[in-house]
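Chain nomenclature is as follows: A, B, C and D, assigned in order of appearance, with residue numbering initiated at 1 for each chain independently.
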Amino acid sequence: MKKLMNDPKKFVSEMLKGVALANSKTLKYIPEYNLIMRADGPNDNKVSILQGSGSGHEPAHAMIVGYGMLDAVCQGDVFAAPPADYIYQTTKLIASKKGVLYLINNYTGDRMAFEMGREMAEADGIEVRAVIIDDDVAVKDSLYTVGRRGVAGNFFVIKAVGAAAERGASLEALEALGNRVVAATRTMGMALTGCTPPAKGKPIFTLAEDEMEIGIGIHGEPGRKRVKLASANQIVDELLASVVEDLPFKAGDEVALMINGMGATPISELYLLYGYAHEQVEKLGMTIKRNYVGNYCTSLDMQGFSLTLVKLDPELEDLLAAPAEIAIRTF
Amino acid sequence: METNNLALIVRTMADTIIANENYFSELDGVVGDGDFGYSLARGFEIVLQDWDALDNSSPSHFLKAISTIIIGRVGGVSGIIWGTAFLRASMTLATKIEVSKEDVIASFRNAVEGIQKRGQAELGDKTLLDALVPAINQLEASFQKGEDSRSAIEAAAVVARQSAEATRPMLAKRGRASYSGERSIGSLDAGAVAVAVLFEAVSKAWKA
Amino acid sequence: MKKLMNDPKKFVSEMLKGVALANSKTLKYIPEYNLIMRADGPNDNKVSILQGSGSGHEPAHAMIVGYGMLDAVCQGDVFAAPPADYIYQTTKLIASKKGVLYLINNYTGDRMAFEMGREMAEADGIEVRAVIIDDDVAVKDSLYTVGRRGVAGNFFVIKAVGAAAERGASLEALEALGNRVVAATRTMGMALTGCTPPAKGKPIFTLAEDEMEIGIGIHGEPGRKRVKLASANQIVDELLASVVEDLPFKAGDEVALMINGMGATPISELYLLYGYAHEQVEKLGMTIKRNYVGNYCTSLDMQGFSLTLVKLDPELEDLLAAPAEIAIRTF
Amino acid sequence: METNNLALIVRTMADTIIANENYFSELDGVVGDGDFGYSLARGFEIVLQDWDALDNSSPSHFLKAISTIIIGRVGGVSGIIWGTAFLRASMTLATKIEVSKEDVIASFRNAVEGIQKRGQAELGDKTLLDALVPAINQLEASFQKGEDSRSAIEAAAVVARQSAEATRPMLAKRGRASYSGERSIGSLDAGAVAVAVLFEAVSKAWKA
């Protein structure tokens, strides 16, 4: 796989520089901690929201900082949780009187780094709470003790919590809200190709021309199974069934449906997938109140997609519909 | 053991980690995400860069300086695990200027405790602990038998290697490899192999 | 190359169905003519704006219909101009008292189809004008008689004309504005890989692991030259130089800068490219007033990007900043 | 020529275009965008599907019906070029029930004029005109010499093939292939080859 890059070791910092230069009025960039934060923060009337995570999932997380979304991200290298010190330093920089909320994708590295960063920040008297996001149904929770992964569903947690934070919700309320969104969100993904970390130069896994991997993670982790490539509709059927049975989602539910690209999937294919998924979700008797088609949480240059369903209630729907402003925009 | 010996060990570790960057990453790539070598190498590069400026006024201070670099600059599980290990060792040695064999074992034990506190891994979960703990046990046994450092480290390196190899049939229960479930069986744990490679390198350096 | 699809012959219609289902309140879909149009149109107080074009350039054109942008698109098959009859039928459906403006990318097939469609529509008494978009500097105008191609720069024409149309501009004024934007816009692209049309199943061209193609079109047309893969910065230098010397752009100019992905390029790489391009454009003494990073006009699953510069004046800047609403959105 | 013969020609064209879909697309893929065969095949599939319902009350009506399908359903340059050709031929024949050899040539000439009006291509620009025009010239010459249809078509097919081959050294000046500039030299024009293949197929069908 080829890449448009210079020195692989500078991949993350050069990307972050680009984000900062493209948004110089709204974002601040502190290279030392791979830190992108709102230029107008912190705000003592609002809880500050931080997500760390490794790089390689763009637009998550560096490109979704802004009004109504994250207050800051401090990214690690590609697919590596940020160093604990980045989290500590970032927490200090964004600390607000209302506290700091961490939205942590459930990976060992991220959890440990945030835990350590939090200990350091709390020692400085900063009030911190954390929500662990684990929406990936591909990982069976009971079998492996680290639990499920956080994947594209993190968008919904960020969006809802971000909107509520702008409205002045307390740290406790936001923590509860975040957990509520996590509990209502389920995702499953698949890949047509593996992804290639810049420093590695080779795909983490390779698939034959007639193969696909079902249940992949967003770091090139292999999935549940490797099977023959099927039609788009068959794939949607399989992912949707896994997602629906897990919560479970039921006839009468009001939902948000997301088709998320893994990084190298053309938007044409994502809409093709959406069309069929929409019909199937409606056939199950659910009502789609909001939909999302595009790249939200990717795995570098992986071809593939994930399907997310969120069970909505009026409050959640309202928070998802609230305005927000981030680097990712069309105009 | 003096700061000199400690310096030799850390320097050997750094050189070895940098030399094995790709190898370690490849191991991590089989069922993990292939960045283990990269992450560690970036951290120990800084250790070497800052070498002359590191506070080596005491073994404890020296280890603290290393841990600060690792925690501050290495991402992923490894930043925390390895950083915590150095920090715990530093704390164990406190104000000591001379480091006894007992101190070495105590430092290692404290490091393992720290790793377990952070990562919640048990022996057999297919992590670097599966090479590290048996190697420490061997080191302690050799010391208790009155062997000299040189042969004790050599014996520990042999055990570390055997134990790393023994991770092959294990099912990963921690770290990213655990997402692969049954598929993690049949491949070596990257962290455990790194522990073996490092013990071997230190053993070789000790002899020279 | 693998694709998420069903029957290749249904690729375009299933994609359009997805767009329609995801935007059922704002868009109307008429499968017979691959037609996506605003649900609230036509509006007799506003000129209706139509772009045809082949499919495979998503989000252009089916996903950029909406308030402040296009009133309709009728897409052909992948990389094939729409049949003339689609254009005629669409023109009738969107005809407004203020007239219909065609924004045509300069390809033989598109020009001929629109010309024929226009003749049929004019015979029905519908007033039609057309703007031909040809921003691609890779094609030397003097050598080949069909002229330059229309590529990613079409976004700026659509955006400016779309905004002015909402403000009530006349058909003549919009035609003049469109031509003014075309005259101020220059683009050049490159590819790391060829693209694979669904019905073809194989890439139109293939590049070795250490090769790239400079000056490609958006239909897999090979470019100016095939050379050794270079660093991201070197590539930006080359594209930028071609674009800048062509208009030419000069120190003191106020510009919009776009880094447009070709379909399978991760957004991380696009921002990395943007960061360096931004610095270089500023080094040349220009001021970047607006910037655009993402997929605007793609070539299916091609890896690569194009760089566009637009010379701005206050009116144009204002039109680009005006609000718009299309299928492509984050929230 | 009667509507019967015309039907044979169009049906042969349709069958041949559908059978050669991939071949035509491959030719277009060398320096074009590889959809020429696909576009034409989709249109002529509809011609076959609708065959029984097509208005064949006169040669002109029949050709008009074909042109309506092509213009209405075939995208790309080909939809216009081929649709215009059928439309012009239909207009030439107007109310005629019997089609003379002169009518055939006049229809072809009018079709070429229509193609040139739409596409502005000259002979030598590396388009289907480079096979079509010489083939028509040959057909006319054979007719003028009093040859029968069978040998006239056969001779035209030979010329069409030679002329298609002769597009190889040409520099494309029209259509997408022209963007390749000098690179278009050395490959055959897809449209010209299609013209040759179709003349050959009709010639074969005529004999049978």
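Basically, contacts are C-beta pairs under 8 Å (C-beta built on N, C-alpha and C of every residue); 3 or more make two chains touch, one makes a residue touch a chain.
Since the structure is predicted, the reported quantities are computational estimates derived from the model, not experimental observations.
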{"item": "Computed distance of Cα centres, chain C from chain A, in Å", "value": "29"}
{"item": "Computed distance of Cα centres, chain D from chain A, in Å", "value": "55"}
{"item": "Distance between chain centroids, defined by C-alpha means - chain A, chain B (Å)", "value": "32"}
{"item": "Numbers and ranges of chain A residues touching at least 2 other chains", "value": "none"}
{"item": "Residue numbers of chain B (touch at least two other chains)", "value": "none"}
{"item": "Chain contact topology (line, ring, star, complete or other)", "value": "line"}
{"item": "All chain pairs that touch each other", "value": "A-B, A-C, C-D"}
{"item": "Residues of chain B that touch chain A when the two form their complex", "value": "25, 29, 31-35, 38-39, 42, 71-81, 83-84, 118-120, 172-176, 178-181, 183"}
{"item": "Interfacial residue positions of chain C with respect to chain D in the complex", "value": "9, 54, 76-86, 107-109, 112-113, 115-116, 139-140, 143-146, 149, 197, 199-200, 204, 217, 219-222"}
{"item": "Chain C contact footprint on chain A (complex, rising order)", "value": "2-6, 11, 14-22, 55-56, 58-59, 63, 159, 192-193, 209, 212, 229, 231-233, 235, 263-276, 278-279, 291-296, 298, 300-301, 303-305, 320-321, 323-324, 326-331"}
